[in-house]
Structure formats: structure tokens, C-alpha cells
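Input: one structure, supplied below.
Letters A, B, C, D, E, F and G mark the chains in the order given here, with residues in each chain numbered from 1 onward.
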Amino acid sequence: MIFMYIIMGILAISIFLGAYRLLKGPSASDRAVALDALTNITTALLVLIAYLSERFIYLDVALVYAILAFVGVIAIARYLEGGL
Amino acid sequence: MIWAIYFAIASLLAIGIYGVITKKNLMKIFISISIMETGVNLMLIAIGYIPGGTAPIENGDFTTYVDPLPQALVLTAIVIGVSVLALALVMVINYYEKNKTLEYRRLMKW
Amino acid sequence: MVIHPVLLIAIPLLFAFLMPLLKRAKAVTIIILLFNTLLAILMFHNVYNNGPLYEIIAFSPPIGIYLYVDNIAALLAVMINLLAFINFLSVEKVEIKFAMLYLLAVASSTGIVITGDIFNMFVFFEIAAVSSYALVAWKRDKEALEGAIKYMVLGSIASVLMLVGIAFLYSEFRSLNIYDIMNRMDEGSVLILLSFAFLLTGIGVEAEIFPLNGWVPDAYQGAAGSIASLLSFGPSKAGIYAIARLLMIFSWQQSYDLALSVGIMTLLIGELAAFRQENVKRMLAYSSIGQMGLILISLSMLDSTDYAIIAFFFLLVSHAASKGALFLLSERKGFGSNASKYAGIVSVMSLIGMPPMAGFWGKWYIIMGAMQMEAWWIIAAIVFSSVVEAAYFARYLSTTMQEEEHASIIAAYPPAIMATLTLLLGILPFIYKIATIGGVING
Amino acid sequence: MVEMVFAVLIIAFIFTLFIKNNRVASIISLVVSLFPLAAFLDWGREFGINLISIGFENTMNINMAGITLHFSISPLAWFFGIMLFSLIPPILLYSYSFFSKNDGFYPFMILLMVSVMGILLSSDFLSFFLFWELMALGIFIMICRNGDRKAMVRYLSYSVLSGVLILAGIALLYHMNGTLLFAEIMLKADFETMVAITMLIIGFAIKAALMPLHTWVPPVYSTSDEPFVAFLSGGLSKIGYYGMLLLLFAMPGARVMEAYINSSIATYLLAIIGSLTAFFATFLAIFEDDLRKLLAYSSIAQLGYIAVGIGTGSSIAMAGALFQAFNHAFFKATLFLAAGSVAYRTGKWKISELGGVAYKMPLTFMAALFAIFALAAIPITSGFAAKWLLYEAAIERRYVFIAPIMLIAGVGAFLYSFRILYGVFLGENRYPDIKEAPKPMVAGMFLLVMPLIIFLIFPGYMLDMMDSFLSSAGLATISHSPYVIHTTLGNYNTIAVIVGMMFAMIPAFLIYVLRKQHLVDFEDNFIGGEIPSLYEHISMHAAHNFYKPLKDVVMPYLEGGATSIYSSLYKVVEKIADGARKIYDGVVQDYAIYVMLFLLIIAGWLLW
Amino acid sequence: MIEDILHYIGMAFVFVGSLFFLLGTIGLIRMPDLYNRMQASTKTTTLGVLSFLVGVGLMELQWMIKLLIIALFVVLTAPVGASALARASYNAGIKLWEKSVVDKYKEREEK
Amino acid sequence: MSSETKSIPYLAVVLLLIWLGFVYQPGISMQSFIQELFVGIIVAVAVTILTHRHFEGLGVAYFHPRRVAYFIAFFFVFLWEMVKANLNMARIVLSPELPIKPGIVKVSTSLKQPAAKLFLGNAITLTPGTLTIDYDDGGAYIHWVEVKDEDMGRAGEIIKGRFERLLRGVFS
Amino acid sequence: MRRMAGIVLAALLFACIMYAFTFVKTYDYNSSDYYYTDPIEGGKVNETVTGHYIENTKNETGAINAVTAIVVEYRGFDTLGEVTVLFTASTGVSMLLYSLHQRRKRREANLILKEGSKIVLPFILLTGAYIFIHGHLTPGGGFPGGSVIASGFLLMMVAYPKYFLKESRVSITESVAGMIFVLIGMLGLVFASYFLENFLSLGDVGRLFSAGIIPIIYIAIGFKVGAELSGIMNNLKGVEE
């Protein structure tokens, strides 16, 4: 269990660092990059939650999240370069 | 723990209403409303939360589930929020086309 | 004969979904609305003879949702569908999407009225609101957009507040069924009180009560005549009925006092604002606000006098029909034809409260009720607002009478039919029977 | 049978709505208007006056589930019915030529007949009110036909104020008595009854154009069609007094009321208001250049006398009031129709633009002349009898304030009558090319003059008609024979009066015969040392600024009158309204603020 | 027995994965310009996810298939996202770090 | 039937396999599995019908053992490179003086098929230190944290490593 | 001024909500405090609403997922309304964009994105289908499934400036799916006694083919939501030239 706390602690620090970049920017692209990194971390976090609650079906949440996050990042990217 | 969530809910609602009242950019107004919606969705979840409960999907081992009803309500509320946001977006696009600005201006005189 | 109120909602939804495939939007919509009107009338007949009607959906309440139709709800269903039908006749060029949105607005307004579940009511409110936003913006010009956006901002805030109210209510009762909650309601705990405040504010935006009705003038001004008309007899009336239900749930003296003071403010401010208004639709919108205040006053007397419910009914119906007619007429500068003149005068007279139009009975019973309660300020407010109302409506008539802008037959007759309805509601005997819930009114 | 009359009228109403041809519509409505008249004449036997015998039922109940409307005839209603319904046929006859097409005049005249009949026959407050408002609606639609904004706004505002006050009064009476039937309502001398009565009387006073509630009258009278104004002024304005009489003298508890009337200042107040109305309106009429407005003010003034009669409350006063009402109905209708005829031919309304019409329209002039005599209460007319009764009542009661004021107003009436006579009909012959009014119009006017002549000679018949009302109201009847009225102060003998006043006719006759000598030089046309300016020289007219010196003295006091009080009140309301309108400033963020404020305030209030 | 071993290996993977997250986000903070941040963060975190997913799969063997599918998806999409974002930023006018040695892309733009 | 069109059934098969991966869950019964398989076939075919046109022109040919072998080789090489490069990146990020020398270089490629280019680009991107920004006719533009050589050919050798050769095998 | 008002009102709202939360009681769905009364029959019933869901979802609806059971069965009417809201919004969007012809130049995406999205698209669609088909067994359902499908199309639209969905196909999908939902509700009225009542056999709980009408409705919702969201995006993108 201690192991899991450690993992969660690391994830929390990572999320904190990512969030810092997300809020600080300075450019919109920086925020997008931070967001991209954060979505990866969040996907992992969702899997971790599924593992901790021992619910196999929660993995679907992570799957859907990964898809939506990807499309979201792409949409942001295309918006930034005027492709929308 | 639950108080952190309560705090987040109240903050989201307050931030949202602050945004609606003070922002001039229409898009920001609607984003503020979305923030409020997020707050209220979270509120529904928080109210349905039962300490130690997990998702109300039967798998034999668990005896405590959280209240499933608010979750169903939140599902509905989210979809409604998205719908309204989509429509708002279109309205704003149209508004922009007509007025060439996203700044909210009063056009009608009384 | 078994009546299924759920069809009032399901059939329009089905055909709204199917409209893009069916193509013949106008014919389909007219048939559906007519069918719904007949169904509503049958339903009313049934309710009137056999008492309130329940329709369980999927599971019996409060586990599932159910529809609960009493006298007034049935009447409102008839009113909304009938007026929607008449109003739709006036639309000359029907686009498919317009017809879809129209049907959805009508079905959801009916849904608000007949549902017995608070969250379901919220969902119907959202359908009504979203379709109204789109319909208000229908003309796609600057005014329409501005009106729609304002409506949208306030409507969205309202829906958030409504949800907060529902959340508090749910946390207290762990049930969403209106009648279950009503049965278990006793003293107002903090959460219940707050829930009432949030629900009242949220629904109040839709019901156009002061000061939540900032969107009203702009939306009505921006919308096409037939849409303004729809808004005035559809969602807004359903909203005020929802407030009636709210007062039934939270039936404390405090709530009624609140409704009374808000009602009087709404009445006075609406009428005064209309008094100085030159734009016709805007004036009519303010006047609607005033009328909503009057209706709210009648609701505030629900607990104290038997007249209140009758007054409520007459005010609601008369305002719906006559304001509908006036909004339709507002599409043109002047009345032109005799039918329109007739419609204009009868509708105005009903709003002012002249017999034998239905509006008169509203004011009559509200004054009777106020007398019974010995609430003089209500009468004073009504006297004052009536005179103000008369002044601006006379001004309105004097301009519209002079302008000769002729309309096509399609556009000319629906307002006249609505006006006739107002008149008939005032003079036909059976109406009293419907309205008189208890006992003989006159010595 | 009552049902039948109503049915005929309603059918005719619907029928005439769709007839475009003026003559057909006119004939239909003329025929139809005879039905209620016949019914009322028939009902005379109930009150000891057998004129015709048809056998109309005189009660009717309409049942609408839950609500019953009760109708029956009462002596008071009968008197007013005879008065109003005999006005209508001549007016309709007149209209036959007056209008060129049927654009709503006839159907709504018929609707007004329905409403009048309903008001008069109703014996409960609900039906009374329903028909009262139907009348208000009919009048409004008539005003709408000409679409004058000021007239419409003022009329409708006043009418709704009146309606709502009456409604509130009725509701209060109902609340106290639990019934709406006239026969069951007991008026008590308590505060609430007084509030109810006050509200009702204010409501009625608006229709009766009592000052200061009269300001709707001039714009309405001056912009509507003459035949309608003739009926409005001659007939419908009396319905307000019918209401007052009904309330004060025809309800159970009238004994209480009588005691109250004798002691309280409230009705004395009515008399004072009536006399002041007569006084001020007379002056306004004197200075008015628009013929129709002059007649409007004159109407207001003349109606004021009736209020004096009701307020005084003795049987002589009541007789005087009713007599005055009856006379006014006919002479004012005649005058409006005559004015209509003049305008029909000349197209002018300004007295300063008219003149010498009598030379080409002698018949119209004859009718108008007789009406003017009645108006000015020159003793050879029935108008004198009525006013004589009123003076006498005031003197008998020792109303030291009212009697002199009425006398001054009487002199004033003479002054403006003279202006009509001189400015319109006599003087410079400005319209040498016009013709006499069409025959139906002339016939209509002469039919209206007839009753004036009848009651000139037989004032006793008039008192006969009032007797049953007076006795039912608990007042003493006045002893009389057809020619003579006996009162405490002396006898009024028609024959003597007529013979005596024949001499007064001579100057009038001379004026008419020696008309050419009256084409005066403008230099002669000033009174009191006022030097006419050079501009006035050019368009000088015999009746121009006729009473200028008097006007200069009186007008400053009149100008601060009701109209300006109302307009400043109106300005205040406008300010408040602007404030209300500014709440809706169009800024959506502000609206959001309102929503939150509302939420938080009610939340706070509820939690308190 | 084998399961226990796999479990511990899984834990190691999970731990390494989370370290990669940490690494990536540190890079996100430390790197001087957008492109370098992207270099540091996007891909390190992607590897982190992969490692994490495989680790959990080893700890809970029956979940492995679905976790691998998720991993496959992430591997396929993460570079696409990064590439799209990089080009978008370039097109949106985000400059390279001033100490950058070469910019062939700019030369191509100028062509 | 072109080789492109022949790849369509493979799309369906791959989708079905993924589907089965989705629906597999601990303790699934045989009957359930058959139901899922049945539905999966329908879904896979439906999705294939909906999307196959996008696969034409992509250069994805049918499965040949040789190609699969190349792909597997590519995959492991890629994994190895990725881990290696990530460790390198860790060194850079964690070293206090931040030893970087960034820039955008151009790298030519002999790969023709769009899918091959995609895989190459992705592989390059995922190995930290390099990031594919864009392709044009001449080759790929790559952002490189430590530019070791600005020359197109030599830089390509360093960056592409073994990927290009393996991918050529996969997509030949 | 408005800023001040905003701060004050937001603070008050915050305080109000926090104050309210101090009164929120921990819910125990076995507690008699929350026993409901039957609105039709009247009288207290010895269970709570939530308790009923937890206890009876499986045998009453055949679904494992209580949320799904509530969304599709117990409160299916809400869901019909919810679908309608989305439908309404999508209709409104297409109506309002009907007049806007955006012909602005869009930058092409790079090869990696273009080809990448082609390859990812089938995977995303498959996932979407998986999610809404298994709504009664997993946390998924029609709405997330539909959103995933729509996100697939969104990806294509974003990657290709000229990629448009055929308006007619989207609209037909929407219509048919909506029709199926309502018709199933009505069949409940015909074959059982209530609108939306589950008139099919519940089957073996936990299998794919179980829970009667729930998967059918969820599939319809999935298609409908997918079509509607895609349609909204399609419309937001502009009008096909």
C-alpha cells in the first residue's frame, strides 16, 4: 500500500508541475503541450484508480479518456495553426 | 476530503458567476456558465457520495455503492450542458459575423 | 377510454425526430398539433369526470417517473396545444427545422405541465429553453441574435440554479418525485429553504418574474411574431405553472408572501415599463411581464381563498390567447383587415380586463379573492396597473388602427381565432364549470 | 320576451356587422331600435303609465353554470330606459343620410343598445357590471373608428379606472353581504360600505363626466361622429347617474342611506362638486372656439346640475335632477346633430369660421334654436322647469354656496348659447352656396325636439314618470297636475310662464328678421375698451374673441384646473415609468446581477 | 509464485512509469523553449504511460489485453499529437530558442 | 483487385481482434463470448465499410509473414531506441547546466507510402531528442535537441537509424 | 462597479453554498429517515429509492450497472428528454449556420496527422461502438459511446479541411435512432402497460444479450448522439461547397 502512496505522490507532483506550465504558459502552445502531458498522466491515473478499486470495467474510462484527449489535443493544435 | 470537494464546488459556482457578471467577451461568458455547470454536476456527485461506496455496478464483492441516481442525473446534466454550449457557440459565431466583435454590446435601446 | 398523456409528448418527439425524412413539415406539424389538441381535450374530459390521471413511465414512482394530470394541468395542456395549433397556421413558409423546433417547444411545455417529477421537469425546461433559444434567433438578424443570446445567458444560469435547488432537495429527501416530496415536507430545514430559493429563482427566469426577466423584452423583440406568440403561451405559461407546483410543495406562509410581493413588483414594473415603450413587440413583452405578475399574485392567494385557482386559470388562459394574438399582429404595422381589428380590440380588452372577455374573469376573481383576504394593496395595485395598461394599449390601438397594412389570409385569421377563443372563454357557460373547482360563486 | 329583445338586438348586431350598405344597415337598426323602446313603453303599466300594451315579460334570468344573471325592471330603470331608447331612433334616422357607408357605426350602436338595456334591467351587480363594461367597450370601439390617439387613450384609461373601481366596490359589497343581488344587499353606514360606495361613485362619476374626472370628454366629443356623440352625451352619460341613483336610492338599506344623506357631508360634497362642475365647465364652454368642444363643456356643465340634484337628495331635487337629465338628453342630442348638419354642409367646426348658416339651413336652425333655448333655460322651454326645481331644492335646503353658483352658471349658459346662436347660425353670411341638410337628418332633429315641447307644456307628465321611483326610494312625491307643479316655495304654472315669456321671443324673432343690420363693422365688435390689433382686423368675425375681457379675467384661474393637474400627475407617472424601464438596461451582465441578487435576497429572507 | 514475481516486476514498471511522468513534467518546466519542452514532456510521458499500463497489466494479468490495447492507442497517437502540436506552434509563430543552431524549416518556408 | 483493395478484409480482421480484446474480461463465459463474437463481427464489418476508403492509398498492404516479421523487428528496435533515448533525455533534463544544442534539421527519406512515412515519423518523434515537425516532398523536418550534424544525409543516418530499413521491409 | 458586484455576489454565493453543505447529511440508504411515500397509493413504504435501485436493479432490469438501469429504464423518460435536448441543439446549430458560408482558407495538416487520423479512425469508431453496446454491463453507454464516435469524425474534420459528413446521412441516422427510441417506448405501452417498460425478456444477467430493451435503446442513443455531435461539428465547420 505504501508503494501506491508513493506512486500517487509522484503522480501528484507531476500533475502539479504540469499544471504550473498549463497556467503559466506563456504561449497558448505551451499550455497545449502541458495539457498533452497532463492527459497522459491522467490516463495513467485512471488506470491506477481502476486497479485500486479492483474494477476491471473502469479501464474503459481510461480508454475513452485517452481517445477524447487525443482528439482534443489535435483540435487545439489545428486551431493554433489556423486549420479549423 | 469531502470538504475539499465542497470547497471546489462552491468555488466553481462562485468563479462562474463572477465571470458571467464581469466578462464582456461573450465566449468567456459562456465558458463561465460552463464552469458553473461543472460545479453543479460535481455537487450532484458529492451529494450522491456515500463514504466507502464504489460505482454501482454489480460485481459480487462489494456491499456499499454510491447513490446511482445522482450519477444518472449528472449524465443528463452534462449532455444538456454540452448541447447548450454548442448552441451558444453557434450564436456567438453568428453574433461575430453580424457585429464583427465578440465583445458584448448593447444594441437594442430599451 | 384509456388516455395516455405520455403520447402528448411522445408523438411530437417522434415526429420531430422524423421530420427530416418526412419533408412535408407544415402538414405533418399541423396534423400532430391537431391530434395533440384532441388528445388533450379527451384527457381533460377524462380528468374532469374521473379525477386526476396518473401515467406511470417504465416504473411506478418514485422509483420511476410518472405523469400527473389534474384539472388545471389538463386544461393547460389543452391550451398550449390548441394555441400552438392556431399559431402555427399563421406561419406562411415552414422550414423543416422550424417545424421541428416548434414541435419540441410545444411538447416540452406540455411536459413541464404534466410531469410529476422535479428532475424530469428540469429536463423539459431545458428542451423548452434550448428550442426557444434557437427559435428566437430564427430571423438571424442582429436583434434576434441579441435577444437569443441574452435569453441563453440567463436561461443557462437559471438551469444551473434549478439544478442546485434539485440537488439540495434530493439531499434532503432522496427522492425526486414532487408528490412524494410534498407528502414528506414538514418544517423547512435550511437545505429545503435554500432549495426553494434556488428553484424559485431558476424557474422564475422562465416564468418571466421580476427581476429575473431581463431577457424578456429583448427576446420578444428579436423573435418573429409567431415565435413571440409561442413563447408567451408555451414555455412561459408552463413556467408559471411550475411555480404553482413549487408553491404547492413549499406551501409555507413565507412562500406565499414572497410570491405576493414578487407578483406585485412584477405587475407594477412590467406595466410601467410598457407604458413608455414605443416598439410594439417590446411593449407587448413588458405587458406580458405585468400579466405574469398578476398571475403570480393569484398564485400567492392559493392558500387563502378558493377564488385564487379560478383567477389563475382565467388569467393564464386569457393572457395566453390574447397575447398570442397580439404578437401575431405585431408582425405588421397596422391591422388592415377587419378580422385583425377585431382580434386586436378583443385581445386588448381581455388583457385590460373588460368583460365579457376571459381576462375580465381573471381580474374579477382576483379582486374577489383579495376582498376575502382583505388585501387592499392588491386591489390598489390592480387598479393602478389597469389604468396604465389601458393608457398604453389605447395608444397602441390608435396607431395600429390607422395603419393599413394588409396581410395574407393565412396571417390574418389565426389572431382572430385566438381572439375568438378569448371571447368564448369569457362567455361560454361551461368554462365557469371548469374553472369553479368548489361551490357556487354567485348568490 | 326580454330574451327576444336581446336576441333581436344581438342578431341585428351580427347582421349589420357584415352589411356594407349604409341605408340597409340604417333601416335595420332603426327598426330594431324600436323593439326595446316598445318594451319600455309597454312596461310603463307597471308604474301606472299605460302607453301601449304588448305584454312584454319584464324579468329574465340567465343561468351560466355556477353563475346566474338576474334581470328585471325597476322604476328608476324604466325612467332611464324611456329616456335613452327614445333618443335612439331619431339619431339612427339622422344617420341614414349622415354616413355614406356602414363601417361599424350601426352594429356598435346596436351593441350599445344591448348594453344599455342590460345595465338598466340587471338586478344583480354581476350582470350590471358585465353590461356596464360592454357599454364601455362599445363606446371605445366607436371612438376607435376615428382613431384619435388622445381621445382613445383618455377614454380607455378613464373607462378602465372606472371599471376597476366599480369592480372593487362591487367586490367589497359582495364580500360584506355575500350576495350580488340588489335586493339582498344591505347598505350599512359603516366604514367599509362607505369605501365601497365611494369607489362606486367615483366609477360612476367618470362616466357622468363630473369634474375633475371629465378630461376625457372634450377630446372624445370633438373627434367622434356626431350621431354617436349625440347618443353619448345625450344618453350614455346619464348611465353614470343611473348608477349613482341605483346605489344611493334604489337599494335596500336606502333608509340608512337617506339618514346618511341628510346628515353627512359626503353627499353634500356631491352637490358641491356638481355645482362647481357646472360653474367651471360653463366658463370653459364660453371661451371655446371649437363648436364640438363647446358643446362638450356644455354637456359637462349641464350634467353637473344632475349631480347637484342627487347630492341634495330631497324629492324636489331628485325630480329636478331627473327632469334635467331628460331635457339634457334631448337638447344636447339635437345640438350635436345640428352641429353635425352644419359641418356636413360646411366642413367647418370653428365658430370663428362659421356664420350665417341659418339663412340657408333654416330648418336646422329652428331645431337648434329650440334646443339652445332649452339649454339656456329660457323660461319658455322645459329646461326652465327642470332648473327651477333644482334652484328651489337648493334654496329649500339652504345651500348658500350652491344656489348662487348655479345661478352664475345659468347666466354663463346663456352666454355660450348666444355664441352658438350668433357665431354659427346668424351673423355674416359666409356660406351662401350651401343647402339645407338632407331630409332624414332634419327629421331626426325635429323628432328630438318633440319631447322638449311636450314636457314644456305638460311638465306634470314628466313628474308622473318619476313618481314610482320617488316613492320606491322612500321620497315624497311632488303634487302636480299636467300644467302645474306644486312645491313648498310656490307653484310653477306652465301656461302662465309661456304667456309671460312670449314677449321674450320677440327679440329673437327680430334678430332673425332684421339679420342684415347685424353685419357689423369690426370696430363695433369690442366690449370693455379692448383695442383690436391690426391683424385681427383682417379676419374679424362677429363672434371672434367674443368674451375676451371676461376670458382674461377668468382663464388664469381655470388654467390651473384638472387638466394641468392630470398632466403633472402624468409626468410623474412617466418619470416612474422611465425608471422602471431603465431597470431593463439591455446589459446581460446586469440581468445576471439581478438574478443573483434575487436569489441571495430571498435565500437570506427565507433563512432569517 | 510466477504471479508474485510478475507482480513485483509490474510494480517496477509502474514506478518507472511514474518516474517518467516526473521527468517529463520537470522537462516541461526546465526546458527553455516550446520545442524543447515538447521534446522533454510529450514523449517521456508517453513512455511513462506505456510503462505504467504494462506494469498494471503485470500486476493484474487478466487486464493485460485491454491495457495493451490502450497502450497501442497511446503509442500510435502520442507522436501524431506531438507532431501536430509542434507544427502548429511553428505556424502560429512560436520562435525557436535563440540559442538554436539551425532552422531548416524556416529556410523551407522562405523558399 | 488491387493489393490495396485486398487489404480491406485485413482491416476487418484487425478490428475484430481489437474488439475481442475489448470484450475479454476476467471470467467471461463461453456463451457470452459467442454473443460478443457475433456482435463483434457485425461491428467490425460495419466500421470497415465506413472507413475502408481512407485506407486506400495509404500503402498498407495485406499481411505477409515477411512483413509481419519486419514489423515485429521494427517494433522491438523502436522500443529499444525509445528506452535508450529516454534515458538520454533524463540525463539532459536532470543535469543542472542543461546541455542542449537544439535546431530543426531536414532529413530525406526513400520511403514512398504515406503509412510508411507516418511510422517513420512517429518512431522518430517517440525517440526523445527528435521530433518530426513536418514532411514535404524532399523529406522530414525534425526538431533535434542536440544537433550533431546539420547535413541532411548524415543527420538522417543518426536520426533514422535502423527504422527506415525495417519500414521499407514492412511496406514493400 | 460591475467588478465589485461580481466579487460580492460571487462571495455571497460561495458562502451560501458552503453554508448549505454544512447541513448535508451523510446518506444511508437503509435508514428509515429516507423511506419514501407512494405518490399514487399513498402511505410510507419501507425502503428508500436508492435502496430499491441497489437491491433490485438486476432482477428488475437485467442490467448490472445501476446507473445504466436508471438512465435507460427507471428514468428512461429523462433520457429521452436529454436526447431531445441534444437533438434540439443540433437542429438549432444547423439552422443557425445555414446562413453562414465560411469559405476561408484553412491550412492543410501535415502528413503525419493526415495519415495518422486515417489509421486511428476505425479504432475510434470501434471503441465507440463497444462503449455503447456494453452500456448495461460497463460504465459506458450511449452518451460516451456516441461522443467517442463523434470524436472520430471530429478528428477527420480537423485533419482534413475538405472533409465533410454528408448532411443527409447524419440527419437520417439521427431521425431513425430517435424514432427507434420513441417507438420502443410506445411498444412498452402496447406490449406491457407503461411507456418505456421493458417488454423483452431480461435474459441472463451479465451477458451481452440481456437486460431487454436497455442495450437496444443505448445503441439507438449511441447512434443518435454520435450523429448529432458529428452533425454539430460538421455544421460548425461550415457548409460543404
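Simple rule for what comes next: a contact is a pair of C-beta atoms (placed from the backbone, for glycine too) under 8 Å apart; a residue touches a chain by one contact, two chains touch by 3 or more.
All of these numbers come straight from a predicted model, not from anything done at the bench.
J.: Where the contacts of subunit D and subunit G overlap, which chains show up?
T.: Touches both subunit D and subunit G: B, C.
J.: Among the chains, which one keeps its Cα centre farthest from the Cα centre of subunit C?
T.: Chain centre farthest from subunit C's centre: F.
J.: Please name the chain that ends up farthest from subunit D once chain centres are defined by their CA atoms averaged.
T.: F
J.: What whole-Å value do you get for the distance between subunit A and subunit F if each is reduced to the mean of its CA atoms?
T.: So the centroids are 22 Å from each other.
J.: As a quick test, compute the distance in whole Å between the mean CA positions of subunit C and subunit G.
T.: 29
J.: So the centre of each chain is just the mean of its C-alpha atoms; given that, what is the distance between subunit A and subunit C in Å?
T.: So the centroids are 47 Å from each other.
J.: Report the inter-centroid distance (CA atoms only) between subunit B and subunit E in whole Å.
T.: Spacing between the chain centres: roughly 31 Å.
J.: Can you pull out the residues of subunit B that are in contact with at least two other chains?
T.: 13, 17, 20-22, 29, 43, 47, 55, 57, 59, 67, 69, 73, 76, 80, 83-84, 87, 91, 94, 104, 107-108, 110
J.: For subunit G, which residues are shared contacts with two or more other chains?
T.: Residues 2, 5-6, 9, 13, 16-17, 24, 27, 29, 49-50, 53, 75, 78, 81-82, 85, 88-89, 92, 96, 99, 107, 109-110, 112-113, 116-117, 119-120, 123, 127, 134, 138-139 of subunit G each touch two or more of the other chains.
J.: Which positions in subunit F are in touch with at least two other chains?
T.: 18, 22, 25-26, 121-122, 125, 132-134
J.: Going by the contact rule at the top, pick out the subunit G residues touching subunit E in the complex.
T.: Its residues touching subunit E are 107, 109-110, 112-113, 116-117, 119-120, 123.
J.: Subunit F touches which residues of subunit G in the complex?
T.: 110-112, 114-116, 118-119, 121-123, 125-127, 129-130, 133-134, 156, 204, 206-209
J.: Provide the residue numbers of subunit A that touch subunit E in the complex, in ascending order.
T.: Its residues touching subunit E are 3, 6-7, 10-11, 13-15, 17-18, 20-21, 27-30, 32-34, 36-37, 40-41, 43-44, 47-48, 51, 56, 59, 62-63, 66-67, 70, 73-74, 76-83.
J.: Once bound in the complex, which stretches of subunit B touch subunit D?
T.: Touching subunit D: residues 17, 20-24, 29, 104, 106-110 of subunit B.
J.: Would you mind writing out the residues of subunit C in touch with subunit G in their complex?
T.: For this pair, the touching residues of subunit C are 4, 6, 10, 13-14, 16-21, 54-66, 68, 95, 97-98, 100-101, 104, 108, 111, 116, 119-120, 123-124, 126-127, 130-131, 133-134, 137-138, 140, 164, 168, 171, 173-180, 183-184, 189-191, 194.
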